[in-house]
Amino acid sequence: MTTLPLTHAAPPGAPRSAAHASYLDTETTLRSWLLTTDHKRIGVLYLGTLLATMALGGFFAMAIRLEHLTPDPTVMSAMTYNRMFTLHGVIMVWLFLIPSIPSAFGNFMLPMMLGAKDVAFPRLNLLSWYVFIVGAVLVLLSTFVGGIDTGWTFYPPYSALSPTAVPLALLGVFIVGFSTILTGLNFIVTTHTMRAEGVGWMQMPLFVWSIYATSIIQVLATPVLGMVLLFVVVDNALGWGLFDPSRGGDPVLYQHLFWFYSHPAVYIMVLPGMGVVSEVVATYARKNPYSYKAIAYSSLGIAFVGFLTWGHHMFVAGMSTFDAGAFGVLSMLVAVFSAIKVFNWTWTLKRGAIALKTPLLYIFAFLFLFVFGGMTGVATAAMSLDVHWHDTYFIVAHFHFIMVGGTLTAFLAGLHYWFPKMTGRLYPERLGMLSAALVFAGFFVTFFPQFLLGNAGMPRRYFNYPAEFQVLHVVSTVGSWVLAVGLMSTAIYFLWSLRWGPEAGPNPWGSRSFEWRTASPPPKHNFTRTPPFEIGPYDYTQPLPDEAP
Amino acid sequence: METLRMILALPRGGSTIADSIDLLHGFVIGVTMLMSTYVFATAAWFTIRYHRKRDDQLTERVTATRRGEAFIIAGILGTFLLWWVIGFRQYVDVRDPPSDADIVYVDAKQWMWKFAYADGRVSNDVLTVPLGRPIKLVMISRDVIHSFYVPGFRVKQDVLPGRYTTLWFEAKEAGTYPIWCAEYCGVSHSAMRGEVRVLEADEYARWKRAGDAKLAGAPPCRLPGACGEGNLVAEGRAVAERRQCVACHTLDGQKHIGPTWARLYGSEVTLEDGRRVVADDAYLTRSMMEPNADVVAGYRQMMPSYRGALSAGEVAALVELIRSLRDAPAPPSGIALPRLDVTAVKEGGAPP
Amino acid sequence: MTAARSVEHAEHFESLERQAHAARLGMWVFLATEVLLFGAAFALFLTYQVQFSHAFRAGVAHNTKVLGSVNTAVLLLSSTLVACAVHALRRGDAKLAARLVGGTIALGLTFLVIKGIEYGKHFDEGIYPGGVGHYFTLHPIRGLAAFWTLYFGMTALHALHVTIGAGVLGVLLHAIVRGRLGRETAYRLEVGAIYWHLVDVIWIFLWPLFYLA
Amino acid sequence: MSSFTVPRTVSRTAVALFVLWAASFALSYAHLGAASLLVALAIAAAKAALVVMFFMELVSESLSMKLTLAAAGGLLAILVGLMAADVATREPPPLLPPTREPAAHEPAPAEPGVPSR
C-alpha cells in the first residue's frame, strides 16, 4: 500500500470544492487512510496488501521451481521444501486469490457500478480489512515459529500430529475467513439495498453479478471451513482427536467438510475473474454481451452447483462408490455453466468494434487457459481418469491453469483496465502488451509440462523425483523465470505510471459501464451529480450524451 | 495405443484396465485441446474481422437466440455426460475386485510399504505378484494417510489409518512397476517408494519355493514369527495363542466366552440388535478392531479392541486361520481342540 | 453496525427505511453463516451418530436430562421476552422494553450458570474433551470420545454465542435506557433480537442431540 | 404494567413452543429406539420454524430474507445428505465381500455374502 501515491496531481492552482476533489485528495494523512470508511480507499488498501502477499507467494513458488531443477536436493532440505509448498498454497489461496478481485476491485467498483455512494456498512468494511491483516499476520508469524508443513489442505491425522506451527497458521486462516465473510455480507446487502434509481437487477454491470454470486459462496461456505479448522486446531494443540482414527474418528469426514468449503472456494476465486472478463470484453468490443441473462444467471448457477461437487476431490480417498458416482455426475453440471459463459464472451466479440488493448490481450489468454484448465478439470470428474491423475502434477497443472491462467490473468486484466479509474493515469500500452505476452508464454511453458509430468505419474508434493522426469521439470522452471520477468516488468511500468503516466481522463476506454461515468480518480462520494443511468452499461448503439462529469 | 501413450507421456500400460482408461484419456484430452483452440481461434478471428475503425464507433445490439443457447448447452452437457458414463463404468471396474482375486495385506507407515502374503511371507517395499492373476490389496496405515499408487497399472487408493481400503489389479506384462505414495505424508513423502515385481508363472512358482534368495535383493523379514516355512494358517494359530484369542474363542465349535471360530467363516450370524450379517473378512477384521459394533446375539460386550495391537500381518494370519476352519467337523461332544483336517488347512491357504 | 446515531439516516443511504432494511438483511445473511458454522459440527455429529449409535446413546443416557431441558425452557422463555420487548419498543414503551430486555439478559445468564454447573459435573465424573478422564477408562466404548468432544465443542461454542448475544442485548439495553432507541429506531433492537432468537434456535437443535435421543 | 398487551402472535407462539417442549421431553421417556432421534429432531424443526416465522418475523420479511435462510438451510441439507450418503453406502466396512472359492468337495457355491453395497 505504500507504493501508491497519496496525492493526485491536480491542475495547479485549480480551486476545488470538497465535493469535487478526488478520493485521493480529500485528505492525505496516513491517519485518514487507516481510519477511512471510503470503499475506494479500502479497495486501494486491499490492493496494496494483496500485491504484497502475491509477491511473497510468488517468491515461494520460484523457490519450489528452483528446487526442482534437479531430481535430488538442489537448494533446500526436504523440511524446508515441505514448508515452502505449504506456505505457497496457504498464501496464494487465502491471502491472495480469494480476496484478490472481490476485495480490491469489488470494493472499489461495486458501489460505483450501482450508482451508490458507498457500501451498506462502511465501518464493517474497514473492520474487514483489519481482520484480514490480523489473520495474515498470524499466518506469516507461523513461518517464523517453525513454519507449517501439512500442505494447504491440512489433512488430518497428519495435521493433528505435525509438530509445526499448525494452530497458529490455522487460526490465521480462520480469521482471514471471518474477513471474507464480512466482505461478502457487505456486498450482498449493498447489491440488494444500494442500487441507484434506474439500476435494476437486469441493469447492473455483469461484474456486480459475479461479485454478488461470489459473496453468496463466501458467506455460506466459509463458516464450514472455520468450524473444521477449529477442530483441527484443538486436535493439534489440545489433542481432542475428533478425526483421530485411534479414538474412533474418521479422517475422511474432515475431507468432506474441508472440500465442502474448498471446492466452492475455487469459484470464489474464479467467478470474480469471470466478471472482469465480461466487463473487459464488452468495453473493448464496444458491444452488448451476447446474452446478458445467460452470463448473469450462470454466475448464480455456478454458485449453487459449486456446492454439489466437492466429492470429486475424494475419488480415491475411501469414499463409497455410490457417493463418488453422484459427485462425478454433479461435477459435470457446473462445467456447463462455465461453458455457457465462455461461449457468450466469444460471441460478444462478433460484430463488435474491437480494439486489442492490454486488458483484452489478457482476456484472450484467460479464454484459452481457462477453457483448457476447465476442461481438464471436467476430465478429472470422468472418474477412472482421476484415479490415475489424483494427487499428481496433472492436478497441479490443472488448478494452476484455473488459478493463475484464469484468476491471476483476469486480475491483471482488471488491474490494467481499472488502473486509469483508480489513479487517473494511463500505463504504457506497448509495454503492457509485451508483458502480457511474456506472462502468457511464461505461464504456458511453466505449467504445460506439468500436465505431462502428471500423466507420467509424478506425484505432487515430491521433494525428490525419479531422474526421468528431469527434462520436463527443467522446462517448467525456465518457464517460471519468464513468467517472473513478465510480472516484474508489469510492476515496474505500473510504478512508473503512478508518477509519470499521462492523465487518463474520466473514460479513456470509452466504456458505457457506470463506474466510468465520473471523474478519474472519482470524487469522495463517487458521483458529483446523478449520472445518466437511462443508458445501460452495455448500450453501444448510441453515443453517451455527455462523457465528462 | 503406444503412439497415444507416447503423445500423452503415459507410462506403459501394465494392467488389464490400462488400455481402456488410456483410450478415454486420449478422447478427453483431444476434445479439450480442440475446444480451447477453437475458442481461442474464434476470438482471434473476430478480433481481426471486426477490428475497430473509429474510437467512437457504435455497434448494433446482437443477442443470443434461445435455440442457439439450448443447442450449445445440450451439446456440452451431452459430451460431459458421455465422459462421465464411460469414466464411471471404468471406475466401478477399478474399484470392484473379481471374486477370485488373491489377497495381499498391505501395511503402510511413514515411510515404507509392508506386504504380507497369504502363505506367510512378508516383504518390505517390494510386492511380488504373478502375471495374469487378479491381486486384491487390503490396506491399512499405521500412522497418517498414505496413497498406494502404481502409475503403470493406472490404480491408486488412499491408505487410511483405522480403516481398511482395497485396491485390485491384474498385471498383463511381466516386469517391475514403481509404487509411489501419492498422499503427502511427511518429510520423506517422496522417498516412500516401492515396486511391484510381476513374474511369469514359472518364475513366480520358483519365487514361492525359494523366496527372494533366487531373485534380486532379498527384503528383510520384520514381523516376528511370520517368516520361515510355516504358512499363514499356522501363523494364525501362533498369533491366536500369543494374543490370548483362544482364552475366549474355541477352534472346535464349543461355546465359550466368545463365539467359536469353527465354521464361522462365511456363515450368517445374528447380532444382538437382530441384524444378520455374513461373517466375511470384513466382519472378522471389524470385530477385531471394533468388537462392540456388532456383538453376536447371546454374548456380552466385553472384548477389547485390538486396533493398533495387531499388525496387518497378524490380522491376515487370524483371518486365514478362521477361514481354514470354515469346514471344520461338527463338534465331537466332549473333546476339546481337535486336530485340524490337513486338507482344510491347504484350502484355506493361497490358491495356487 | 450502521452509522445512524439519531433518527436521521446515514449519509450514504436514501432513507431510514432502506437503512433498516439493510441492517436486517445484513443480520439475516450473518445468521446464514451461523447456520452453516453450526451446521458443519451438526453434520459431523449426525455422521458419527450413524457410525457409533451405540456409543452416542450411551453418552446421551449419561447426560442430565433435567438440566438440559430446564435450560431449553429458559432459552424459550427468554426468546418470548425479547419478542415482547421488540413489540413494546415499536409502540414507544421504552420502559417496558428495557425491563423485558433486562429479563432476557438475566435468563441468558441463568442459562450460562446451569451450563457451568453441568460442565463442573462432567469434570467431576472424569469427562474431558478428547476422551480424556477416568470415565473413558471405565467405559471403553468406541465413539464415546467423539460424542463428548462434540458435546463440549458445540455447547461451548453455543455458550460463546449466548455470551455475545447477552452482550449485544446489554448494549441495546443501555441505548434504550439512555433514550437513544425509540419507536423509529426499533429496528436496531429487532436486529439484536433476531440474533438472540437464532441462539435459541441453535439450542433447540442441540437439546435433542445431547439430551434426548 | 402499562397498557401494553402481549401481541397474540407472540403469546400463541410461546404457548405452542412450550407444548412442543413438553412433548419432546415426554417422548424421550418412550422407548422409540432408532426413531427417537428422528422424532426429537422433527419436533425441534417445528419449534425452530415457529421461532423463525413469528419471533424473528420472517413471515412479514421480504423475499430476500426468506431466500437467505432457505439457501442456508438447503446447503446444510446438501452437506448432511451427501456426507451421510457416503458413510451409509460405503462398501461394508472395511472390506468387500470375501472370496468364496468353492472347495473341491463342495457341490455348489453357497449363496453370495453381503451384497456389495
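In order of appearance the chains are A, B, C and D, and numbering begins at 1 in each one.
Here is the rule we use: contacts are C-beta pairs under 8 Å (C-beta built on N, C-alpha and C of every residue); 3 or more make two chains touch, one makes a residue touch a chain.
Keep in mind that this is a model prediction, so the values were computed, not measured.
Visitor: Which chain has its C-alpha centre closest to the mean of all protein C-alpha atoms shown?
Guide: Of the chains present, the most centrally placed is A.
Visitor: Look at the interfaces A-D and A-B and say which one is made up of more C-beta pairs in contact.
Guide: Between A-B and A-D, contacts are more numerous in A-B.
Visitor: Using mean CA coordinates as chain centres, what's the gap between chain B and chain D in Å?
Guide: Those two chain centres are 34 Å apart.
Visitor: Using mean C-alpha positions as chain centres, tell me how far chain A is from chain B in Å, no decimals.
Guide: The separation of the two C-alpha centroids amounts to 39 Å.
Visitor: Distance between chain C and chain D based on Cα centroids, please, to the nearest Å.
Guide: 20
Visitor: List, in ascending order, every residue of chain A touching at least 2 other chains.
Guide: 192, 220, 224, 249-250, 252-253, 256-257, 260, 318, 321
Visitor: Which positions in chain B are in touch with at least two other chains?
Guide: 96, 163, 165
Visitor: Residues of chain C touching 2+ other chains?
Guide: 21, 25, 29, 32-33, 36, 39-40, 43, 47, 51-52, 142
Visitor: Which chain A residues qualify as touching chain C in the complex?
Guide: 116-118, 120-124, 181, 185-186, 188-189, 192-194, 219-224, 226-228, 230-231, 234, 238-242, 247-250, 253, 256-257, 260, 525
Visitor: Okay, in this complex, where on chain A does chain D touch?
Guide: Touching chain D from chain A are residues 192, 216, 220, 224, 250, 252-253, 256-257, 260, 307-308, 310-311, 318-323, 326-327.
Visitor: For a test of understanding, state which residues of chain B touch chain C in their complex under the given definition.
Guide: For this pair, the touching residues of chain B are 290, 292-293, 304-305.
Visitor: Quick check on the complex: what are the chain B residues that touch chain A?
Guide: That would be residues 8-11, 17, 21, 24-25, 28-29, 31-33, 35-37, 39-40, 42-44, 46-47, 50-64, 69, 72-73, 76-77, 80-81, 83-84, 86-96, 143-145, 147, 149, 151-152, 154-158, 160-163, 165, 178, 180-191, 307-308 of chain B.
Visitor: For a test of understanding, state which residues of chain D touch chain C in their complex under the given definition.
Guide: Interface residues on the chain D side: 1-2, 4, 6-7, 10, 13-14, 17-18, 21, 24-25, 27-28, 34, 36-41, 43-44, 47-48, 51-52, 54-57, 61-62, 64-65, 68-69, 71-73, 75-76, 79-80, 83-84, 87-88.
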